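Take a look at the structures below.
The following pair of complexes shares a single chain, chain A, combined with chain B in the former and chain C in the latter.
For the complex of A and B:
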(Lines of atoms letter the chains of each structure in order from A and count residues from 1; the text may use other names and numbers.)
(Lines give C-alpha, C1' and ligand atoms only; values in the text may rest on other atoms or scores of the structure.)
Protein backbone atom coordinates (compact mmCIF):
# COMPACT_ATOMS: atom_id res chain seq x y z
CA UNK A 1 0.00 0.00 0.00
CA UNK A 2 1.36 3.43 -0.96
CA UNK A 3 1.58 5.52 2.20
CA UNK A 4 -0.80 8.45 1.94
CA UNK A 5 0.12 11.70 3.69
CA UNK A 6 -2.67 11.39 6.23
CA UNK A 7 -2.28 7.67 6.81
CA UNK A 8 -1.92 6.50 10.39
CA UNK A 9 1.04 4.23 11.11
CA UNK A 10 1.31 2.19 14.29
CA UNK A 11 4.40 0.20 15.22
CA UNK A 12 3.31 -2.16 17.99
CA UNK A 13 5.04 -4.89 19.96
CA UNK A 14 3.64 -8.26 18.85
CA UNK A 15 1.87 -8.97 22.12
CA UNK A 16 -1.83 -9.26 22.94
CA UNK A 17 -1.27 -6.76 25.73
CA UNK A 18 -1.48 -4.05 23.06
CA UNK A 19 -4.80 -5.12 21.54
CA UNK A 20 -6.57 -2.41 23.52
CA UNK A 21 -4.12 0.21 22.27
CA UNK A 22 -4.72 -0.90 18.70
CA UNK A 23 -8.47 -0.85 19.23
CA UNK A 24 -8.44 2.62 20.79
CA UNK A 25 -6.40 4.03 17.90
CA UNK A 26 -8.70 2.49 15.28
CA UNK A 27 -11.81 3.77 17.05
CA UNK A 28 -10.35 7.27 17.36
CA UNK A 29 -9.39 7.28 13.67
CA UNK A 30 -12.84 6.11 12.54
CA UNK A 31 -14.68 8.43 14.95
CA UNK A 32 -13.62 11.47 12.93
CA UNK A 33 -14.66 10.10 9.55
CA UNK A 34 -17.94 11.78 8.72
CA UNK A 35 -21.04 10.19 7.27
CA UNK A 36 -20.48 6.56 8.26
CA UNK A 37 -23.68 4.54 8.52
CA UNK A 38 -23.95 3.02 11.99
CA UNK A 39 -20.56 4.44 13.05
CA UNK A 40 -20.37 2.58 16.37
CA UNK A 41 -21.13 -0.81 14.84
CA UNK A 42 -18.82 -0.14 11.90
CA UNK A 43 -15.96 0.88 14.20
CA UNK A 44 -16.52 -2.18 16.39
CA UNK A 45 -16.50 -4.50 13.40
CA UNK A 46 -13.30 -3.02 12.00
CA UNK A 47 -11.66 -3.16 15.42
CA UNK A 48 -12.68 -6.79 15.84
CA UNK A 49 -11.41 -7.79 12.39
CA UNK A 50 -8.02 -6.12 12.95
CA UNK A 51 -7.89 -7.50 16.50
CA UNK A 52 -8.28 -11.03 15.11
CA UNK A 53 -5.51 -10.62 12.54
CA UNK A 54 -3.19 -9.07 15.15
CA UNK A 55 -3.84 -11.88 17.65
CA UNK A 56 -3.31 -14.40 14.84
CA UNK A 57 0.09 -12.84 14.08
CA UNK A 58 1.07 -12.94 17.76
CA UNK A 59 0.11 -16.61 18.05
CA UNK A 60 1.19 -17.98 14.67
CA UNK A 61 3.70 -15.69 12.95
CA UNK A 62 5.66 -15.16 16.17
CA UNK A 63 4.48 -18.21 18.13
CA UNK A 64 3.87 -16.04 21.20
CA UNK A 65 7.63 -15.34 21.36
CA UNK A 66 8.61 -11.87 22.58
CA UNK A 67 10.49 -9.34 20.47
CA UNK A 68 8.37 -9.25 17.32
CA UNK A 69 6.77 -6.12 15.93
CA UNK A 70 3.55 -5.51 14.04
CA UNK A 71 3.26 -2.57 11.67
CA UNK A 72 -0.27 -1.32 11.09
CA UNK A 73 -1.12 1.34 8.50
CA UNK A 74 -4.62 2.78 8.36
CA UNK A 75 -5.79 5.13 5.63
CA UNK A 76 -8.96 6.42 4.14
CA UNK A 77 -9.17 6.11 0.36
CA UNK A 78 -11.75 7.61 -1.96
CA UNK A 79 -13.72 6.59 -5.08
CA UNK A 80 -15.19 4.51 -3.61
CA UNK A 81 -14.63 5.65 -0.05
CA UNK A 82 -13.04 2.85 1.91
CA UNK A 83 -10.78 2.21 4.84
CA UNK A 84 -7.56 0.40 3.97
CA UNK A 85 -5.63 -1.35 6.71
CA UNK A 86 -2.29 -3.02 6.06
CA UNK A 87 -0.81 -5.21 8.78
CA UNK A 88 2.75 -6.42 8.44
CA UNK A 89 4.96 -8.71 10.49
CA UNK A 90 8.33 -10.38 10.08
CA UNK A 91 7.29 -13.75 11.44
CA UNK A 92 6.94 -17.13 9.82
CA UNK A 93 4.55 -17.73 6.92
CA UNK A 94 0.90 -18.39 7.52
CA UNK A 95 -1.30 -20.51 5.30
CA UNK A 96 -4.79 -19.03 5.47
CA UNK A 97 -6.13 -21.76 3.19
CA UNK A 98 -5.29 -24.31 5.89
CA UNK A 99 -7.75 -22.69 8.26
CA UNK A 100 -11.15 -24.31 8.01
CA UNK A 101 -14.28 -22.22 8.28
CA UNK A 102 -16.02 -22.88 11.58
CA UNK A 103 -19.07 -25.09 11.46
CA UNK A 104 -21.67 -22.66 12.79
CA UNK A 105 -24.12 -25.47 13.43
CA UNK A 106 -21.72 -27.21 15.79
CA UNK A 107 -20.09 -24.80 18.18
CA UNK A 108 -16.37 -25.13 18.61
CA UNK A 109 -13.71 -23.61 20.80
CA UNK A 110 -11.37 -22.29 18.10
CA UNK A 111 -11.56 -21.18 14.50
CA UNK A 112 -13.69 -18.03 14.69
CA UNK A 113 -10.90 -15.47 14.32
CA UNK A 114 -10.36 -15.48 10.55
CA UNK A 115 -14.05 -16.15 9.99
CA UNK A 116 -14.89 -12.97 11.88
CA UNK A 117 -12.27 -10.91 10.02
CA UNK A 118 -13.53 -12.14 6.65
CA UNK A 119 -17.17 -11.70 7.60
CA UNK A 120 -16.80 -8.18 8.94
CA UNK A 121 -14.57 -6.69 6.25
CA UNK A 122 -15.25 -6.38 2.53
CA UNK A 123 -11.90 -7.92 1.69
CA UNK A 124 -9.14 -9.67 3.61
CA UNK A 125 -6.03 -10.55 1.62
CA UNK A 126 -2.86 -12.25 2.80
CA UNK A 127 0.51 -12.27 1.05
CA UNK A 128 3.87 -13.73 1.99
CA UNK A 129 6.71 -11.31 1.26
CA UNK A 130 10.47 -11.82 1.32
CA UNK A 131 10.79 -10.60 4.89
CA UNK A 132 7.44 -11.42 6.40
CA UNK A 133 3.70 -11.38 5.99
CA UNK A 134 1.26 -8.72 4.83
CA UNK A 135 -2.46 -8.62 5.46
CA UNK A 136 -4.61 -6.08 3.70
CA UNK A 137 -8.10 -5.40 4.96
CA UNK A 138 -10.65 -3.24 3.15
CA UNK A 139 -13.91 -1.85 4.46
CA UNK A 140 -16.17 0.24 2.23
CA UNK A 141 -17.67 3.14 4.13
CA UNK B 1 -45.29 -41.26 57.70
CA UNK B 2 -42.36 -42.92 56.11
CA UNK B 3 -40.70 -40.17 54.08
CA UNK B 4 -37.38 -40.23 52.40
CA UNK B 5 -36.42 -36.63 51.67
CA UNK B 6 -33.23 -35.75 49.94
CA UNK B 7 -32.03 -32.35 48.89
CA UNK B 8 -30.13 -31.73 45.67
CA UNK B 9 -28.27 -28.49 45.40
CA UNK B 10 -26.67 -27.56 42.12
CA UNK B 11 -24.31 -24.67 42.51
CA UNK B 12 -24.99 -21.81 40.12
CA UNK B 13 -22.68 -18.85 39.73
CA UNK B 14 -23.20 -15.55 37.98
CA UNK B 15 -20.08 -14.13 36.40
CA UNK B 16 -20.29 -10.56 35.18
CA UNK B 17 -17.11 -9.19 33.56
CA UNK B 18 -17.08 -5.42 33.35
CA UNK B 19 -14.41 -4.79 30.76
CA UNK B 20 -13.40 -5.82 27.27
CA UNK B 21 -12.50 -9.48 26.81
CA UNK B 22 -9.76 -10.11 24.30
CA UNK B 23 -6.85 -12.46 23.68
CA UNK B 24 -4.83 -10.69 26.39
CA UNK B 25 -7.18 -11.19 29.31
CA UNK B 26 -9.28 -14.15 28.10
CA UNK B 27 -6.88 -16.57 29.86
CA UNK B 28 -7.62 -14.77 33.13
CA UNK B 29 -11.37 -15.25 32.63
CA UNK B 30 -10.81 -18.89 31.68
CA UNK B 31 -8.80 -19.48 34.85
CA UNK B 32 -11.49 -17.85 37.01
CA UNK B 33 -14.19 -20.03 35.43
CA UNK B 34 -12.06 -23.16 35.76
CA UNK B 35 -11.65 -22.38 39.44
CA UNK B 36 -15.43 -22.18 39.83
CA UNK B 37 -15.88 -25.49 38.00
CA UNK B 38 -13.26 -27.17 40.13
CA UNK B 39 -14.97 -25.71 43.19
CA UNK B 40 -18.17 -27.51 42.27
CA UNK B 41 -20.16 -24.94 40.29
CA UNK B 42 -22.09 -26.56 37.45
CA UNK B 43 -24.47 -23.90 36.22
CA UNK B 44 -23.14 -20.60 34.98
CA UNK B 45 -24.70 -17.32 34.03
CA UNK B 46 -22.22 -15.27 32.01
CA UNK B 47 -23.57 -11.76 32.21
CA UNK B 48 -22.13 -9.88 29.24
CA UNK B 49 -24.20 -6.74 29.88
CA UNK B 50 -21.17 -4.60 30.63
CA UNK B 51 -18.71 -6.21 28.24
CA UNK B 52 -17.96 -3.55 25.61
CA UNK B 53 -15.87 -5.80 23.35
CA UNK B 54 -15.54 -9.55 22.93
CA UNK B 55 -13.11 -11.21 20.52
CA UNK B 56 -12.74 -14.81 19.38
CA UNK B 57 -10.45 -15.63 22.31
CA UNK B 58 -13.20 -14.54 24.68
CA UNK B 59 -15.74 -16.52 22.69
CA UNK B 60 -13.48 -19.57 22.96
CA UNK B 61 -13.61 -19.24 26.74
CA UNK B 62 -17.41 -19.27 26.62
CA UNK B 63 -17.53 -22.38 24.42
CA UNK B 64 -14.97 -24.17 26.57
CA UNK B 65 -17.03 -23.43 29.66
CA UNK B 66 -20.18 -24.67 27.93
CA UNK B 67 -18.56 -27.97 26.98
CA UNK B 68 -16.95 -28.50 30.39
CA UNK B 69 -20.08 -27.64 32.36
CA UNK B 70 -22.32 -29.82 30.16
CA UNK B 71 -19.84 -32.69 30.52
CA UNK B 72 -20.47 -32.44 34.25
CA UNK B 73 -24.24 -32.17 34.01
CA UNK B 74 -24.40 -28.39 34.07
CA UNK B 75 -25.05 -25.65 31.57
CA UNK B 76 -24.32 -22.04 30.68
CA UNK B 77 -26.67 -19.14 30.09
CA UNK B 78 -25.54 -15.93 28.46
CA UNK B 79 -26.93 -12.48 29.13
CA UNK B 80 -26.93 -10.33 26.00
CA UNK B 81 -24.31 -7.59 25.91
CA UNK B 82 -25.61 -4.04 25.79
CA UNK B 83 -23.25 -3.19 22.94
CA UNK B 84 -25.25 -3.62 19.73
CA UNK B 85 -22.25 -4.66 17.63
CA UNK B 86 -21.37 -7.37 20.15
CA UNK B 87 -24.96 -8.63 20.01
CA UNK B 88 -24.69 -8.92 16.24
CA UNK B 89 -21.46 -10.92 16.51
CA UNK B 90 -23.23 -13.38 18.81
CA UNK B 91 -25.91 -13.77 16.14
CA UNK B 92 -23.37 -13.96 13.30
CA UNK B 93 -21.58 -16.86 14.97
CA UNK B 94 -24.92 -18.42 15.94
CA UNK B 95 -23.92 -18.48 19.59
CA UNK B 96 -27.48 -17.44 20.38
CA UNK B 97 -28.60 -20.86 19.11
CA UNK B 98 -26.03 -22.81 21.09
CA UNK B 99 -26.36 -20.91 24.35
CA UNK B 100 -29.65 -20.07 25.97
CA UNK B 101 -29.75 -16.29 25.95
CA UNK B 102 -31.41 -13.98 28.47
CA UNK B 103 -31.93 -10.25 28.78
CA UNK B 104 -30.90 -10.10 32.44
CA UNK B 105 -29.01 -12.26 34.90
CA UNK B 106 -32.21 -12.64 36.95
CA UNK B 107 -34.07 -13.98 33.93
CA UNK B 108 -31.20 -16.36 33.17
CA UNK B 109 -31.28 -17.72 36.72
CA UNK B 110 -34.97 -18.53 36.57
CA UNK B 111 -34.43 -20.37 33.30
CA UNK B 112 -32.33 -23.24 34.73
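For the complex of A and C:
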Protein backbone atom coordinates (compact mmCIF):
# COMPACT_ATOMS: atom_id res chain seq x y z
CA UNK A 1 0.00 0.00 0.00
CA UNK A 2 1.52 3.30 -1.11
CA UNK A 3 1.60 5.66 1.84
CA UNK A 4 -0.32 8.91 1.34
CA UNK A 5 1.04 12.04 2.96
CA UNK A 6 -1.99 12.27 5.22
CA UNK A 7 -1.89 8.63 6.28
CA UNK A 8 -1.78 7.82 9.97
CA UNK A 9 0.94 5.42 11.08
CA UNK A 10 1.00 3.78 14.49
CA UNK A 11 3.82 1.64 15.82
CA UNK A 12 2.38 -0.21 18.81
CA UNK A 13 3.71 -2.85 21.17
CA UNK A 14 1.99 -6.19 20.52
CA UNK A 15 0.00 -6.14 23.73
CA UNK A 16 -3.72 -5.94 24.44
CA UNK A 17 -3.19 -3.02 26.81
CA UNK A 18 -2.76 -0.84 23.72
CA UNK A 19 -6.12 -1.77 22.17
CA UNK A 20 -7.60 1.37 23.70
CA UNK A 21 -4.90 3.53 22.08
CA UNK A 22 -5.55 1.94 18.71
CA UNK A 23 -9.30 2.41 19.11
CA UNK A 24 -9.00 6.05 20.14
CA UNK A 25 -6.74 6.85 17.18
CA UNK A 26 -9.05 5.15 14.70
CA UNK A 27 -12.07 6.96 16.08
CA UNK A 28 -10.31 10.30 15.95
CA UNK A 29 -9.19 9.68 12.36
CA UNK A 30 -12.66 8.67 11.20
CA UNK A 31 -14.28 11.57 13.08
CA UNK A 32 -12.54 14.04 10.76
CA UNK A 33 -13.87 12.38 7.61
CA UNK A 34 -16.88 14.30 6.36
CA UNK A 35 -20.04 12.87 4.89
CA UNK A 36 -20.00 9.40 6.39
CA UNK A 37 -23.43 7.86 6.77
CA UNK A 38 -23.99 6.88 10.41
CA UNK A 39 -20.49 7.98 11.45
CA UNK A 40 -20.65 6.60 15.00
CA UNK A 41 -21.80 3.17 13.88
CA UNK A 42 -19.27 3.12 11.05
CA UNK A 43 -16.42 4.13 13.36
CA UNK A 44 -17.44 1.57 15.97
CA UNK A 45 -17.61 -1.25 13.45
CA UNK A 46 -14.23 -0.39 11.92
CA UNK A 47 -12.71 -0.16 15.39
CA UNK A 48 -14.10 -3.58 16.28
CA UNK A 49 -12.76 -5.17 13.10
CA UNK A 50 -9.27 -3.72 13.57
CA UNK A 51 -9.36 -4.60 17.27
CA UNK A 52 -10.00 -8.25 16.35
CA UNK A 53 -7.05 -8.44 13.95
CA UNK A 54 -4.73 -6.70 16.44
CA UNK A 55 -5.81 -9.00 19.31
CA UNK A 56 -5.30 -12.00 17.03
CA UNK A 57 -1.75 -10.85 16.34
CA UNK A 58 -1.13 -10.38 20.06
CA UNK A 59 -2.43 -13.88 20.75
CA UNK A 60 -0.62 -15.75 17.99
CA UNK A 61 2.15 -13.88 16.17
CA UNK A 62 4.88 -13.66 18.76
CA UNK A 63 4.22 -16.52 21.16
CA UNK A 64 5.98 -15.78 24.44
CA UNK A 65 8.73 -13.74 22.80
CA UNK A 66 8.80 -10.20 24.21
CA UNK A 67 9.21 -7.04 22.19
CA UNK A 68 6.84 -7.75 19.31
CA UNK A 69 5.46 -4.72 17.50
CA UNK A 70 2.41 -4.07 15.36
CA UNK A 71 2.49 -1.44 12.63
CA UNK A 72 -0.86 0.05 11.69
CA UNK A 73 -1.40 2.41 8.76
CA UNK A 74 -4.75 4.11 8.24
CA UNK A 75 -5.55 6.22 5.22
CA UNK A 76 -8.43 7.50 3.20
CA UNK A 77 -8.41 6.67 -0.50
CA UNK A 78 -10.66 8.03 -3.22
CA UNK A 79 -12.47 6.75 -6.33
CA UNK A 80 -14.24 5.05 -4.70
CA UNK A 81 -13.85 6.65 -1.30
CA UNK A 82 -12.70 4.03 1.16
CA UNK A 83 -10.73 3.61 4.34
CA UNK A 84 -7.64 1.43 3.99
CA UNK A 85 -6.06 -0.08 7.06
CA UNK A 86 -2.85 -2.11 6.84
CA UNK A 87 -1.75 -4.06 9.91
CA UNK A 88 1.69 -5.60 9.92
CA UNK A 89 3.67 -7.74 12.33
CA UNK A 90 6.97 -9.60 12.13
CA UNK A 91 5.78 -12.73 13.88
CA UNK A 92 5.14 -16.27 12.76
CA UNK A 93 2.90 -17.01 9.79
CA UNK A 94 -0.83 -17.14 10.22
CA UNK A 95 -2.90 -19.71 8.33
CA UNK A 96 -6.34 -18.22 7.65
CA UNK A 97 -7.48 -21.49 6.09
CA UNK A 98 -7.00 -23.21 9.46
CA UNK A 99 -9.61 -20.96 11.05
CA UNK A 100 -13.03 -22.56 10.90
CA UNK A 101 -16.11 -20.40 10.44
CA UNK A 102 -18.02 -20.26 13.71
CA UNK A 103 -21.14 -22.35 14.01
CA UNK A 104 -23.75 -19.65 14.59
CA UNK A 105 -26.34 -22.22 15.62
CA UNK A 106 -24.27 -23.19 18.63
CA UNK A 107 -22.99 -21.29 21.66
CA UNK A 108 -19.31 -21.02 20.89
CA UNK A 109 -16.82 -19.48 23.30
CA UNK A 110 -13.99 -18.59 20.91
CA UNK A 111 -13.34 -18.30 17.21
CA UNK A 112 -15.33 -15.19 16.30
CA UNK A 113 -12.49 -12.71 15.74
CA UNK A 114 -11.76 -13.18 12.04
CA UNK A 115 -15.44 -13.80 11.34
CA UNK A 116 -16.28 -10.43 12.91
CA UNK A 117 -13.58 -8.58 11.00
CA UNK A 118 -14.82 -10.06 7.72
CA UNK A 119 -18.44 -9.29 8.60
CA UNK A 120 -17.77 -5.66 9.50
CA UNK A 121 -15.42 -4.69 6.67
CA UNK A 122 -15.89 -4.81 2.91
CA UNK A 123 -12.65 -6.70 2.43
CA UNK A 124 -10.13 -8.41 4.70
CA UNK A 125 -7.01 -9.78 3.03
CA UNK A 126 -4.02 -11.54 4.55
CA UNK A 127 -0.59 -12.00 3.03
CA UNK A 128 2.58 -13.60 4.32
CA UNK A 129 5.60 -11.50 3.42
CA UNK A 130 9.29 -12.23 3.74
CA UNK A 131 9.55 -10.53 7.09
CA UNK A 132 6.11 -11.01 8.56
CA UNK A 133 2.39 -10.82 8.09
CA UNK A 134 0.24 -8.16 6.49
CA UNK A 135 -3.48 -7.69 6.85
CA UNK A 136 -5.32 -5.20 4.67
CA UNK A 137 -8.80 -4.11 5.65
CA UNK A 138 -11.03 -2.01 3.42
CA UNK A 139 -14.23 -0.17 4.26
CA UNK A 140 -16.10 1.77 1.59
CA UNK A 141 -17.41 5.04 2.94
CA UNK B 1 -10.96 -1.07 33.85
CA UNK B 2 -11.80 -1.57 37.53
CA UNK B 3 -14.25 -4.32 38.33
CA UNK B 4 -17.00 -3.12 40.62
CA UNK B 5 -18.94 -5.96 42.11
CA UNK B 6 -21.99 -6.02 44.36
CA UNK B 7 -24.41 -8.56 45.76
CA UNK B 8 -28.16 -8.20 45.65
CA UNK B 9 -29.53 -11.11 47.63
CA UNK B 10 -27.81 -14.14 46.20
CA UNK B 11 -27.18 -12.47 42.84
CA UNK B 12 -23.70 -11.18 42.08
CA UNK B 13 -23.74 -7.98 40.03
CA UNK B 14 -20.74 -6.96 37.96
CA UNK B 15 -20.56 -3.33 36.85
CA UNK B 16 -18.25 -2.70 33.93
CA UNK B 17 -17.25 0.67 32.51
CA UNK B 18 -15.76 1.84 29.24
CA UNK B 19 -14.01 -0.70 27.04
CA UNK B 20 -14.55 -4.40 27.68
CA UNK B 21 -11.88 -5.94 25.49
CA UNK B 22 -9.11 -8.55 25.39
CA UNK B 23 -7.16 -6.58 27.98
CA UNK B 24 -10.02 -6.60 30.49
CA UNK B 25 -11.49 -10.05 29.83
CA UNK B 26 -8.95 -12.03 31.95
CA UNK B 27 -9.92 -10.05 35.08
CA UNK B 28 -13.58 -10.90 34.54
CA UNK B 29 -12.78 -14.59 34.08
CA UNK B 30 -10.70 -14.49 37.25
CA UNK B 31 -13.67 -12.92 39.11
CA UNK B 32 -15.89 -15.89 38.23
CA UNK B 33 -13.59 -18.09 40.31
CA UNK B 34 -14.40 -16.12 43.47
CA UNK B 35 -18.18 -16.25 43.10
CA UNK B 36 -20.08 -17.82 45.97
CA UNK B 37 -23.22 -18.43 43.91
CA UNK B 38 -23.77 -19.04 40.19
CA UNK B 39 -26.29 -16.23 39.66
CA UNK B 40 -24.68 -13.29 37.91
CA UNK B 41 -25.94 -10.09 36.35
CA UNK B 42 -23.43 -8.17 34.23
CA UNK B 43 -24.52 -4.55 33.99
CA UNK B 44 -23.29 -3.11 30.69
CA UNK B 45 -24.90 0.31 30.92
CA UNK B 46 -21.53 2.09 30.97
CA UNK B 47 -19.75 -0.24 28.55
CA UNK B 48 -18.93 1.49 25.29
CA UNK B 49 -17.08 -1.29 23.47
CA UNK B 50 -17.13 -5.11 23.50
CA UNK B 51 -14.80 -7.34 21.47
CA UNK B 52 -14.76 -11.09 20.88
CA UNK B 53 -12.51 -11.77 23.88
CA UNK B 54 -15.02 -10.01 26.12
CA UNK B 55 -17.84 -11.92 24.45
CA UNK B 56 -15.93 -15.15 25.13
CA UNK B 57 -15.55 -14.15 28.78
CA UNK B 58 -19.31 -13.59 29.04
CA UNK B 59 -20.17 -16.80 27.20
CA UNK B 60 -17.72 -18.79 29.31
CA UNK B 61 -19.25 -17.35 32.47
CA UNK B 62 -22.73 -18.20 31.25
CA UNK B 63 -21.76 -21.81 30.56
CA UNK B 64 -20.01 -22.08 33.90
CA UNK B 65 -23.05 -20.74 35.79
CA UNK B 66 -25.49 -22.95 33.90
CA UNK B 67 -23.40 -26.00 34.74
CA UNK B 68 -24.04 -25.08 38.39
CA UNK B 69 -27.79 -24.57 37.77
CA UNK B 70 -27.41 -20.80 37.69
CA UNK B 71 -27.02 -18.29 34.90
CA UNK B 72 -25.15 -15.20 33.78
CA UNK B 73 -27.57 -12.57 32.52
CA UNK B 74 -26.93 -9.23 30.87
CA UNK B 75 -28.62 -5.89 31.19
CA UNK B 76 -28.62 -2.36 29.79
CA UNK B 77 -26.65 -2.89 26.57
CA UNK B 78 -25.96 0.29 24.64
CA UNK B 79 -26.88 0.20 20.98
CA UNK B 80 -23.35 0.09 19.47
CA UNK B 81 -22.23 -2.92 21.52
CA UNK B 82 -25.22 -4.94 20.36
CA UNK B 83 -23.58 -5.50 16.96
CA UNK B 84 -21.27 -8.23 18.26
CA UNK B 85 -24.15 -10.11 19.85
CA UNK B 86 -26.24 -9.86 16.70
CA UNK B 87 -23.50 -10.86 14.25
CA UNK B 88 -22.53 -13.88 16.35
CA UNK B 89 -26.19 -14.53 17.24
CA UNK B 90 -25.18 -14.67 20.88
CA UNK B 91 -28.14 -12.42 21.70
CA UNK B 92 -30.19 -15.61 21.43
CA UNK B 93 -27.97 -17.47 23.89
CA UNK B 94 -27.97 -14.88 26.68
CA UNK B 95 -30.95 -13.65 28.63
CA UNK B 96 -30.74 -9.88 28.13
CA UNK B 97 -32.78 -7.36 30.11
CA UNK B 98 -33.35 -3.64 29.72
CA UNK B 99 -32.61 -2.86 33.36
CA UNK B 100 -30.60 -4.29 36.21
CA UNK B 101 -33.71 -4.56 38.37
CA UNK B 102 -35.40 -6.77 35.77
CA UNK B 103 -32.31 -8.93 35.41
CA UNK B 104 -31.94 -9.44 39.16
CA UNK B 105 -35.67 -10.10 39.59
CA UNK B 106 -35.55 -12.73 36.85
CA UNK B 107 -33.64 -15.04 39.19
CA UNK B 108 -36.61 -15.19 41.56
CA UNK B 109 -39.16 -16.08 38.87
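Just so it is clear, the second predicted complex is superposed on the first by the 139 of 141 C-alpha atoms of A that agree within 3 Å, B and C clash if a C-alpha of one lies under 4 Å from a C-alpha of the other, contacts with A are read in each partner's own complex, and residues count from 1 in each chain.
In this section, contacts are C-beta pairs under 8 Å (C-beta built on N, C-alpha and C of every residue); 3 or more make two chains touch, one makes a residue touch a chain.
These figures come from a predicted structure and were not determined experimentally.
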Notebook entry, point to check: Looking at the overlay on chain A, is there a clash between chain B and chain C, or do the two fit?
Noted result: clash
Next item on the list: Using the superposition on chain A described above, determine whether A:16 touches chain B (first), chain C (second), both, or neither.
Entry: both
Margin query: Which partner chains sit in contact with A:45 here, chain B, chain C, both or neither? Use first/second/both/neither.
Written below: both
Note to self: Using the superposition on chain A as set up above, list the residues of chain A that contact both chain B and chain C.
What the structure shows: 16-17, 19-20, 23, 40-41, 44-45, 47-48, 51-52, 55, 58-59, 102, 104-105, 107-110, 112-113, 115-116, 119
Margin query: So in the complex, the part of chain B that touches chain A is made up of which residues?
Written below: 20, 22-24, 53, 55-57, 59-60, 63-64, 66-67, 83-86, 88-89, 92-95, 98
Next item on the list: Could you please specify the touching residues of chain C with respect to chain A in the complex?
Entry: 19, 21-23, 49, 51-53, 55-56, 59-60, 62-63, 80, 83-84, 87-90, 93
Next item on the list: Within their complex, state which residues of chain A touch chain B.
Entry: 15-17, 19-20, 23, 40-41, 44-45, 47-48, 51-52, 55, 58-59, 102, 104-105, 107-110, 112-113, 115-116, 119
Notebook entry, point to check: Which residues of chain A touch chain C in their complex?
Noted result: 16-17, 19-20, 23, 40-41, 44-45, 47-48, 51-52, 55, 58-59, 102, 104-105, 107-110, 112-113, 115-116, 119-120
